[in-house]
Structures are given as C-alpha cells and as structure tokens.
Amino acid sequence: MKQLTYGMVGGGPGAFIGDAHRKAVSLDRSADLVAGCFSSDPEKSKQQGKNLGIDPERCYANYLEMAEKESQREDGIDFVVIVTPNNTHYEIAKKFLESGINVSCDKPVVTDLEQARDLQETAREHDCLFMVTYTYTGHLTAKYIRELIRTGEIGEVRTVMAEYPQGWLYNENDCGGKQGAWRCDPKQSGRVNCLGDLGTHVENIVSMMTGLKIKKLLAKLDVVVPGRVLDDNDQVLVEYESGATGIYWTSQFAIGCDNSLRIRIFGSKGTISWFQEEPEQIILIREDGIQQVIKRGYGVIPEQVAKYGRLPAGHTEGWIEAMGNLYDNFTDCLQAKKEGKFNPSMIDFQTIDAGVEGLEFIEACLESNVNGNKWVTL
Amino acid sequence: MKQLTYGMVGGGPGAFIGDAHRKAVSLDRSADLVAGCFSSDPEKSKQQGKNLGIDPERCYANYLEMAEKESQREDGIDFVVIVTPNNTHYEIAKKFLESGINVSCDKPVVTDLEQARDLQETAREHDCLFMVTYTYTGHLTAKYIRELIRTGEIGEVRTVMAEYPQGWLYNENDCGGKQGAWRCDPKQSGRVNCLGDLGTHVENIVSMMTGLKIKKLLAKLDVVVPGRVLDDNDQVLVEYESGATGIYWTSQFAIGCDNSLRIRIFGSKGTISWFQEEPEQIILIREDGIQQVIKRGYGVIPEQVAKYGRLPAGHTEGWIEAMGNLYDNFTDCLQAKKEGKFNPSMIDFQTIDAGVEGLEFIEACLESNVNGNKWVTL
Amino acid sequence: MKQLTYGMVGGGPGAFIGDAHRKAVSLDRSADLVAGCFSSDPEKSKQQGKNLGIDPERCYANYLEMAEKESQREDGIDFVVIVTPNNTHYEIAKKFLESGINVSCDKPVVTDLEQARDLQETAREHDCLFMVTYTYTGHLTAKYIRELIRTGEIGEVRTVMAEYPQGWLYNENDCGGKQGAWRCDPKQSGRVNCLGDLGTHVENIVSMMTGLKIKKLLAKLDVVVPGRVLDDNDQVLVEYESGATGIYWTSQFAIGCDNSLRIRIFGSKGTISWFQEEPEQIILIREDGIQQVIKRGYGVIPEQVAKYGRLPAGHTEGWIEAMGNLYDNFTDCLQAKKEGKFNPSMIDFQTIDAGVEGLEFIEACLESNVNGNKWVTL
Amino acid sequence: MKQLTYGMVGGGPGAFIGDAHRKAVSLDRSADLVAGCFSSDPEKSKQQGKNLGIDPERCYANYLEMAEKESQREDGIDFVVIVTPNNTHYEIAKKFLESGINVSCDKPVVTDLEQARDLQETAREHDCLFMVTYTYTGHLTAKYIRELIRTGEIGEVRTVMAEYPQGWLYNENDCGGKQGAWRCDPKQSGRVNCLGDLGTHVENIVSMMTGLKIKKLLAKLDVVVPGRVLDDNDQVLVEYESGATGIYWTSQFAIGCDNSLRIRIFGSKGTISWFQEEPEQIILIREDGIQQVIKRGYGVIPEQVAKYGRLPAGHTEGWIEAMGNLYDNFTDCLQAKKEGKFNPSMIDFQTIDAGVEGLEFIEACLESNVNGNKWVTL
C-alpha cells in the first residue's frame, strides 16, 4: 500500500482537467489530496479546498507560498499536480522542483524549449521525478503496442500515419467556451494552439509506441477558421533516424471528430492500428492480411502490460483509467524513492525528457513553417 | 457537497466486484468508506480494512455485529454495500434494513422470489432506500434511450431483440476461476446460473429502457458445456402487456463475446440499437433508414441525461462511470433524505422493486422450462 | 468454355429478380439467353424479348408452349429460369421437367410440401438438375464457413443465432410497391409471407453452413403491422439432431435493416460470424478470443472455395456475384452432363432437396404456431 | 435499348483488368464485344477471341490492322477498350482516334503529359469521345458526394484527407506476380509506380467529388521496399485554388490494406467520409456531430444519382457495378451521338481532360520530389 499525499495548483471549480486528474489519482487510491492552490482568486481557491475536504491551512493563496510551506512541513506533499494554463507551467514547476517537490504537469509542459531544458536540468539537480501527463500513453493498449514493436512482431517500421483531429473549434462564431478561450489566445497558449494541444500528443505517443526518433521534419501550420490567430490545422511530414517516414495531421475544425487520435504503424512484417476513441483494442495485421482485433483482458497480452487493467474484458475502461495508470506508476516510483528502492527502469510514464522532445518538435515545426515548409533537422 | 459514509460487506482482497463498487463510489466522491466486514475470515477482513484505511474499530468480524454497532453510532454509516455471493444477500440485507441502514446490493438481489418480496416489504417498513446495482442502467446512453422511447421518437415498440452472451465459461475444463466457481455452484448461486447472472440484466435493462411489462414468457434453459450443473444458455420468448414481443438470449459459452449485452428495439417509427461494449453511443434509425450514431457529449442529448457525463465527447467513459452514476443518484437521494428533502421522483436507480421483478422473471422462466417450454403468465 | 443456352419464364419489364438472374448468368458468360415467356401479357412478353435481343420465334405466349417447343428443338434451351410469383412455380417447373429441361427456380420453390416432393420426384424421373436459387449460399464466404465447420475449426456447434430482418414493410400505409404487393397477398404468396421470403433463407443457409439437421422446432409467427394478413415477424426455436440449439428471427418491419441476414455459429472451440451486408468477410474467433476478420482474396481460404472469386481482395464483389456463383456451378454441372462427365459430387448449389427441406420447415412452423407454439418434430 | 458494339485491345487469357471491363460492359448489356486484339502473341489473341465467341475475322494480329479494318466496316465497332500496359496506351489510343473510333482507356491514360495533351487534341479533332476508366468515380456513392458538396451541404471545403494504401507489394521477395511485374518495371510503367497506379486515382476522385483544382503541391516519393526501383510510398501536400488544403497518401506496402482508397472531406458545415472497400455507404456528419450512415437505395439520394443502382438496398453492389456505371453513361453518350442527340452535359464519366490533369499531377509531383520536396505550382 502506498502512503502518499499530493497538492494541486489549478483545478478550481469548473476546471475539467483538474477534476480529471483528481479522479484519476483517487481511482486506485494512488495518493491523497491534502493541499492546493486551486485558483488565482484566493476566495475561489478556498472554496474549492473546502469542497474537496482540504484542511484550510493547506489551501494557499499562491503557489509560491504553497511550495515553501509544504516543503517545510514534515508531512508535506510528496508531489504537486500542475493543471494551469500552459504559459504558467514553467515558473510553477520550477519553484516546486527547487523546493524538492516532485512534479506532475500537464502537457505541453511549457511554451518554450529553453524552459523545458531548464526544468529538465532543475529536476535532475534536485533529484525530483517529473511526469508530463500525456494521458494516452497510459492506455494499456498503447503499452501493448510498444511491446509488440519492441519484440519485432511487425518487423521494421516503414511508415507511420498519425492523426489527431478534433471538431470542437470548427465554428467561427464559437471559440470553444472556457476550454477554447485560452487555447486560442496567444498570450496564454504560446505560439501555437493546435500543434501544442494535439500535435505534441501525436509526436509523443508515436515516439513512445515505436521508439523512433525524428531526424527531420517539414511542417505546414495553417490558420483556417476565420477569426483565429493561432494554427488550427497542421500537416507535418517526418523522417526518422531509421529512415522510416511519417505523416502527422492535427486539426481543430474536423466536424465529427471528437477526440480522434489515431495511430497506424506499417512495418515490414505487419501493421498495427489504434484509435483513442476505441481505446481498449488494437488491430494487428500480420503477413496473412487477417485483421486481428485484440482487446484488453485477452490472454495474449503479456503480464507487464496486462497488470494495468482493472476490470475483466468487456467491462469498459476509458480515459480516466488511462490517466490513472500514469499516476499508478508515478506513485509506485515515488513510493519506491521514499523507501530508497527506486531505480529508473521502474519508470513507465512520460518524463520531462518527453517534454523537452515535445518542445523540440514544436520549435522545428515553427521554423519549417516560417521558412516556406522546408525540412528542418532536429 | 454530499457528506455521506458507507460500509461494505464482502469485497475482500482479490474480489473484483467489491473493488469495482469502491472505485465507482470514490470516482465522484459520492461517499467515504468507513466501515466493513470484508471477508468471512476475520483476519482477511482486518487486513483488507487496513489496506483501505478503515478505522480498525469499524472492521467487523461479522455483518450482524456491523449492522448493530453502526446503527448505534451517531456517525454510523449512511448505507451498506453488499457484494457477497448471491445466496447470502437476503439475510445480510434484511439485517441492515432492520437496523435502519440503507442498502445497495448486487444483482440478482436474492435467489428466491419470496425473499425479494420480503426485502421489499422490510425496506418499506424501515423507510430505507434499497438500490440493486444493475450497472448497465447507469450508462448515460441507456438513460438517453429511455428518454427517446418515452417521448415517442421511435413510435410504439413492436419487437425487442436482447442478448447477453459471454464466452468465459466455454471450456469444459475451466470453470472460470474464483468468479466462475460460485456462479456454477448451485449452493452459492441458487437454481440458475446464466439466467441469474445475465438474464436478469437483460430483463431489467429492457424494462428500464422501454417501460414494457412482461405479460407472459416461454423459456428454454439449457445446460450445454459438459460437466455443468446449472444453465449456461437460455432462450426466452416474451410477450409484453402492450402486445409487443421479444427474444432474450443469454449464454456463457459464446466464444469471442466478452460481455456482449446488446439491445435492439424496433418501433413503428424507428429503431434503437445499443451495445454495452461500446457504451458511449447509441444508434438511432428513423424512417429514412439512415443510421445515426449519437455519442455521449453531443448537444442533442437532453440535460437531465447529459448531466451524467464527466468528460468531453471522445474522452471515453466506461463501466466504472456507469456504476458511479448509480451511486451518484443513490447518494443524492440519501443526502436529500438526510436533509428532509427527498421525494421518490428523484430516484433514478433500480430499486428492490426491480429486484422483485427480476425474481418474478426467473421464477417464470424456471416454470416454463420445467413444463416443456410452455407459456407462463407473470 | 461452356456452350449453354437458357430460357426464362417471368422477368418482364421492371421485374427486379428476373433482371438480376440475367445479370448473374451473363456475368461469367455461363449461358446465353435465347428464349422466354417474360410476362403473362403476350405483348409485354414480346417487347421484353425484343429488348433482350431474343429471336421473336422463341418469345412464347405461355410457358406450356415454350416447354413443348423448346424441348423439340435440336438447339433447345439447356435450362429454364423460373422467376414468377411463388404460387406459379410448381406447375411451370413440373412442365419443364416433364419436357426434360433442367430447371433453376427461385425460392421458396413452391408453397406446399407435397408439391415440393412431387418436383423432387419428377426431376429424378426425368434426370433433370433442379437448382433452387438460394442466393446467399453463393457467397464465397458462405462456402468458406462450410469448410471451416466441416474441418472442425470451431469444434462442435453448440448454438446458432440466425436472423434476417428487413425494414421495407414497416409502414402500415405502404405495402412495399410491386415487390411487396404479391408477397403480402395470400393468393400469390401462399400461407406465409415473411417466413417464406426470409425464414427459408435462414433455414437453408444455416443448414448449408453447418450441415445440421433440424430435429424439432417451436415457432411463433406474428402479424404485427396493422392491415397485414400474413406473418411479418417470426421467432423460431430449433433443436438439431446433434443436440445443438438455435434461434431464428425474421422480420419485415425492422426499420434500418435493409437485408440483414446475419448468422452466428458458436462452437466448442470457436465462433463464426457472417453478415450478408458485408458479404466479403467472415469473423472467426478461436479460443484466444481474438476476432479474426478474413476476407475474400486472402491466402488462408482453400482453393476449392477461393476459385469462386473474380477480383483481387478489396475490389468488392456483391449479390450478383453470389448469384453468379450459383449459375457458374449449375452450368458446370449441366455442361458436364451434356458431355457425359457429370457426377453428383460436382454439385455445389442448392437442389430441390433443399427446396423440400424448406417446405418441411415452413409446414412445421405453421403447425407449431397454430398449436400455441408447441414443439413440432420434423 | 442501345445497339452498340466494341472491340478490345489487350485482355488476353489471365488478364484481370480486361476480363473486368468485359464483365462491366455485359452487366447492363451496354454493348456487345465483336472484335479484338487480345494479346501481342497472335496465337493467344486468336484463342481468346474464340473463347469469347468473336468472329475469327475480327480477331486481329495487331491493333493497327484492327483500327483500320474496323473503321472501314459498315458495322465497325463503336468504341475500343484499351487494357494494355501503361506505356502502350498512347500509340494505340492515338491510332483509334485517328480512325474515328471512340476510346475507353485504363488509367493512368499515358505516361507523359505531352502525350496526354496530344490525345486530348486528337480526340477533339476527330470528334471522338474518350473515357478514362477511373473505376471508383463510377460508384453511386461517389456521385452522391459530388452532389452533396455541389449543393453546399457541408459548406466550404477546408481540408481533404485522401489516401490509397495497398499491401500487396510489401514483400521484398515477391513483386506481386504478373500484375506487379509490369507495375514495378520502369520500362512498362513509366517514371512512377505507386503514384501512377494509386495516386492518380486519389487526385482524380478528390477532383471529381469536390470540384477543387490543385494550385500547388509538395511531394515526397519514396522507394522503400528493398529491391524496388520505382516509388512505393508517396506523400503529397496539396493546396487548392480555393485556399483549402489536403494530404494525399498512397502506399503499396501497407500490410492489411487491400484496396483502401479512403476520402475524408472536411467542410465549414460538415464532413463526408467514404471508403472504397465499403462502397455502398457514405458517412455524413453535420454540425451536430452525429454520424449519418447513408446507403445506396435510401430515399434521400437524388434521382439523378440513385438511377445508377440496380438492386434494392442491402443487396450489395461492388466494383464491377461501379465500372459498369462508367460504361452505362459512356454508351448512353455514344448512342446519343449516333442518333445525333448528344450534348456534352450528358457526360458523367472521366474524359481525357481528367487524364491530362492526372499527368499534370504526376509531373508536378516528380518535379517537387526531385527538388527536395519544394512547392510546385500547377
């Protein structure tokens, strides 16, 4: 049994993502929420703390105070979850790391490559674990795909088709409410919108599944819906170090696409297909061409992957379980660290290293785009 | 914010269903687990209590003691969750009701119609709420179907095709491990296996979705896999009071069917189709024949149904969320009751009345089967 | 190269099924159409003959004349295709058989068991081949399923779920135009509508795929849509000689079901699923639970089945090809017969024997239904 | 009734595509095959003519003789079907056009843009109709999509995702038999393989469905499978004159993809999705996000499109019917021309103009690819 506590920065009333992180942590009782700074408005923060049953003393007016006080308490939080807009991640994460507190931060981890590298360095210096919550890597099926590819089941990867279209911002008269407002606002979201929100997921999960490293890329970032300032449709050609190629497409105006992250990996001996909206299955095709639909719960899935399931096959698990899997492993590592038993091979979550790669990807795309869609080497 | 506590009977280490109930309750912080009698083995019960962070004083050696002590405490539990084998539900539920404690009990609620009626009466006498956890009725989509039919979207129902095949007990040399052992054992499971485990889900969810009452039925309960004693494949023809008809089929040896509850409802103006393994969508077909795939999160779903969703469309929810919805409404009702604001129209869960209907269904099937598959009037 | 000719009775202007048979025969140049009696109206018949490029001399005013004249010609037709309403099949087929002309006749072959047996006997006496055009048995995938079951790939069949719902007659104010009018009319269709049109397909294709013989059945034939006289929704429980069971369901008011013949066969070692509207694939599930989608054109399909394909995988074939396969084999047999090389093991089409079984099925269903849905032994 | 005859160049024994064209023409009796030059080997040609029942006098040793003799006969062929390898199309088509004979030619029509323009000019001069058999544009559903877009049902097109992967050439030790051999051979196939075989289909059908004209494109043509000389995986970014964008992807090593032409068109008010392997349906999504599956045979399809269907909904049509639709319209036009009633608005097939556009597309892709994947303006 793990005995860990955590605090949250962000996640005030009505904030979808903060609530989702809390549900994911509580699902498997990975840690208890005991502190927080839930809003930049101290009153709202207090109220949310009360709603969540937090000791009022540990509801802080700002994250600086929170980091300081929690790091001084004997029973201080084991980690902080940062679920604020992108442009504030850097300073908050930096402060907690410097206070010796482990960090879980939403993606894209920051808006600037230098910041990402600085956090990477800071985490190392202070011996902190830093998880970037790329939710979809938490799916058991994503981990299974990684195993299949690692063990050569589809031979050498030849090409990757990866896409992540959404449709919720298709309407020029509707910027997507609270969720959309900050994403479409360069001040809060950074230099990119769609690419940061969706493109980094694509870059990350392809990397996680295949182990391929991008050698160079060519990107076209378009602003399509009238009235938008940041990109809402991105096309990226990639070439990996192995010589394999790929196409990444992301969009925010693809009507009918709810959250349609789809990865298809074509190898010399087989093909794997995975769709986030049907996250409990993969399609594996070998040289005979037969589509094999393999689902969570089937005996063919190796134990180190199967252990991430909670329910029997056919009893559907979803997004919260995927996020829960991230926290399950993250807190396993933290507990081991606390007990002096940690070693890095235990890590099965995306770290700040993935965050850095995500920013490298964004920077390269921006550079390619501004230069007339030329190849940029990473 | 609700301020409720609960205890659990059953749900020891390794018990799938008890853990699932706990996850479902904690998902939305519907109530806090504070007491329990988790195993008939007192040592295991204590250990599980410790794992779950329960005050050792409230880890009980047996349910009788638990019911008595909790009913005497000022801060006693608001409700008990019963997740033991079917044959023990009756006496446990009865005891808690008599102690004035509300009950949530897994289905089929008991093994005998008289017991079900007795619990119904006991709950009424002691003014307790009694939820039977028919998980699948918790799906937002199931509730949406009920609304569509209520409001006449598919006209009058003409025929219903409902099935619930599973495959996990197909192998004559493998009785399904711990889960299967008690289900296949007449001593623990009662007079039926497949019909009680799966058939009652079918009977209940069709009733919940359509509002149709069964007038008469004709059943064939077969014992097919060599070595089995109880039914593992059931065919039931039904005729409803409205004159509509239906076929219910359940099986435990249908290889490739994980948990394949599927309901198709054919009306005079349209058809609705729902599949538990893709629980976030319904298929609605109107007179033009066009299949409309409607998913959780879409604007067309009315607010009183849509409120049961937690995540945006495309961020998958599953079985635990469905179960969580049951507890969400159950605890809303309990909180209201505590505050003197309850009224029965708030109930959006399956009560002991549904449990009684389930047993009436089972009894009628047994009678039909033993008499050469003749029609039996309910 | 086959050198065969045929004539047609029925199939006048606007008749869907006659045109479909002609397309199917011409698809593979199985035979040339050289004679006909296309309508009970001599003028229409002549006109259709002209449209089809038939020698006017061989456009007959009635089928009696046609049978007589063609049987006397040296270059007389090798076979006749009968595509008239059900109630006329018997006398027409009988006449051609007595004239020594082979017959292809639409199903249900006749409306009465005695007639079917008489045709069976007459064909035998006159040494004629008699094909009943159960179109769906022509699908390569249906033949593949037969092979899989024959060779034990799914072990012993335990239960069969077979259904054939259509929706085109759902509307009480629309009897389905020309196609529907005769089917709904007892005078032209016989004692059953849905059961004859759809139920016999189900009975036949299950028999063809599995080789199972029905021992007894229990049927409920309902007249549901207001204004109908004959059955439009049929439920049949069957028990095969092997002890396996099945449910057959057919309907004509199932909105959204175009032509939804679906067969699922559950065996002791696997499951096979087939859907007529996706006729180029089967789903095979073995004990590991993995769904295998196997399509026409894949190497795993044995040569004696694969030969029925015309195009590479992914180049879709459909209903006409299925019908074409019937004629391909029928004319192979006729050609062989002509050359004295025929032997019965060459037959891979449904003969009058299947027609007789179809009528036995109908008679048993009628008997069961009229007796309050009791079991009837075949 | 049309009274047309045709001849064929190519389509000898074992040639898949020639046989397919013949089946397509005969399906609806669009024309009669009466002449041919079926093989470069005169013996094989004769034999095939005999198989096909062609008058030996009209089985020619070479296409030059055929063009001359047929153009001199009073009952000479109305059109010729050219189904030889790509590199021979030009001279054959040119000869027949100069002889005043209408042409149907497989795609890509030639291997060189100048040739295409020359044929375009020649057809005009000799007042011949010239059909390029882009099979997939024959699907009723493709025509329906064109109507939906024309009439503004999905608003303005914003981006197009189009792909056509196949898997049959994935194996470095298997070049795809007779079909693959010439496609992989630069001498017979021209400067491109995958792009010519698959990419031109994509370019054409997107153009046909959307009416969009490509302004510029950026292409990456890769040779991936060891031992190949010509491209087998192509990525193309396109920008249309309207400002909309697109990605085209084609591949020949995508294991599990049989013939997976898939088009998704995202507009400002809706999305349309179409998949060639399920050619009888489209998916239409409007602003409410609901997927509408619309199938051939449904009342919502306008008559000028619906007329291309032969069978009721649910009675599957496929590839041959699509090709048949091309010939149906082509021969309607030829018949009208013969009767002096032709006008160009009758044309609903892809003409040599589409062939020219296909070559412009290929040339631009080649230029972009050789220049390091730069944008090329068309």
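Per-chain residue numbering starts at 1, and chain names A, B, C and D are given in the order in which the chains are listed.
Convention: contacts are C-beta pairs under 8 Å (C-beta built on N, C-alpha and C of every residue); 3 or more make two chains touch, one makes a residue touch a chain.
Computed from a prediction, not measured in an experiment: that's the story for all the values here.
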Intersection of the contact lists for subunit C and subunit D: A, B
A-B or A-C, whichever has more C-beta pairs in contact: A-B
Mean-CA-position distance for subunit C and subunit B (Å): 44
Subunit A-subunit C separation of Cα centroids, rounded to whole Å: 56
Distance from the mean Cα position of subunit B to that of subunit A, given in whole angstrom: 35
Subunit B residues counted as touching two or more neighbouring chains: 257-258, 289, 291, 295, 313
Residues of subunit C defined as touching subunit D within the complex: 1, 16, 19-20, 23, 26-29, 51-53, 166, 168, 179, 257-260, 276-279, 295, 297, 310-321
Contact set on subunit A toward subunit C in their complex: 288-295, 298-300, 313
Of subunit D, residues touching subunit A in the complex: 154, 158-159, 161, 163, 165, 167, 170-172, 218, 220, 222, 224-225, 233, 235, 237, 245, 247, 249, 251, 253-258, 266-271, 273, 283, 285-287, 289, 291, 372-373, 375
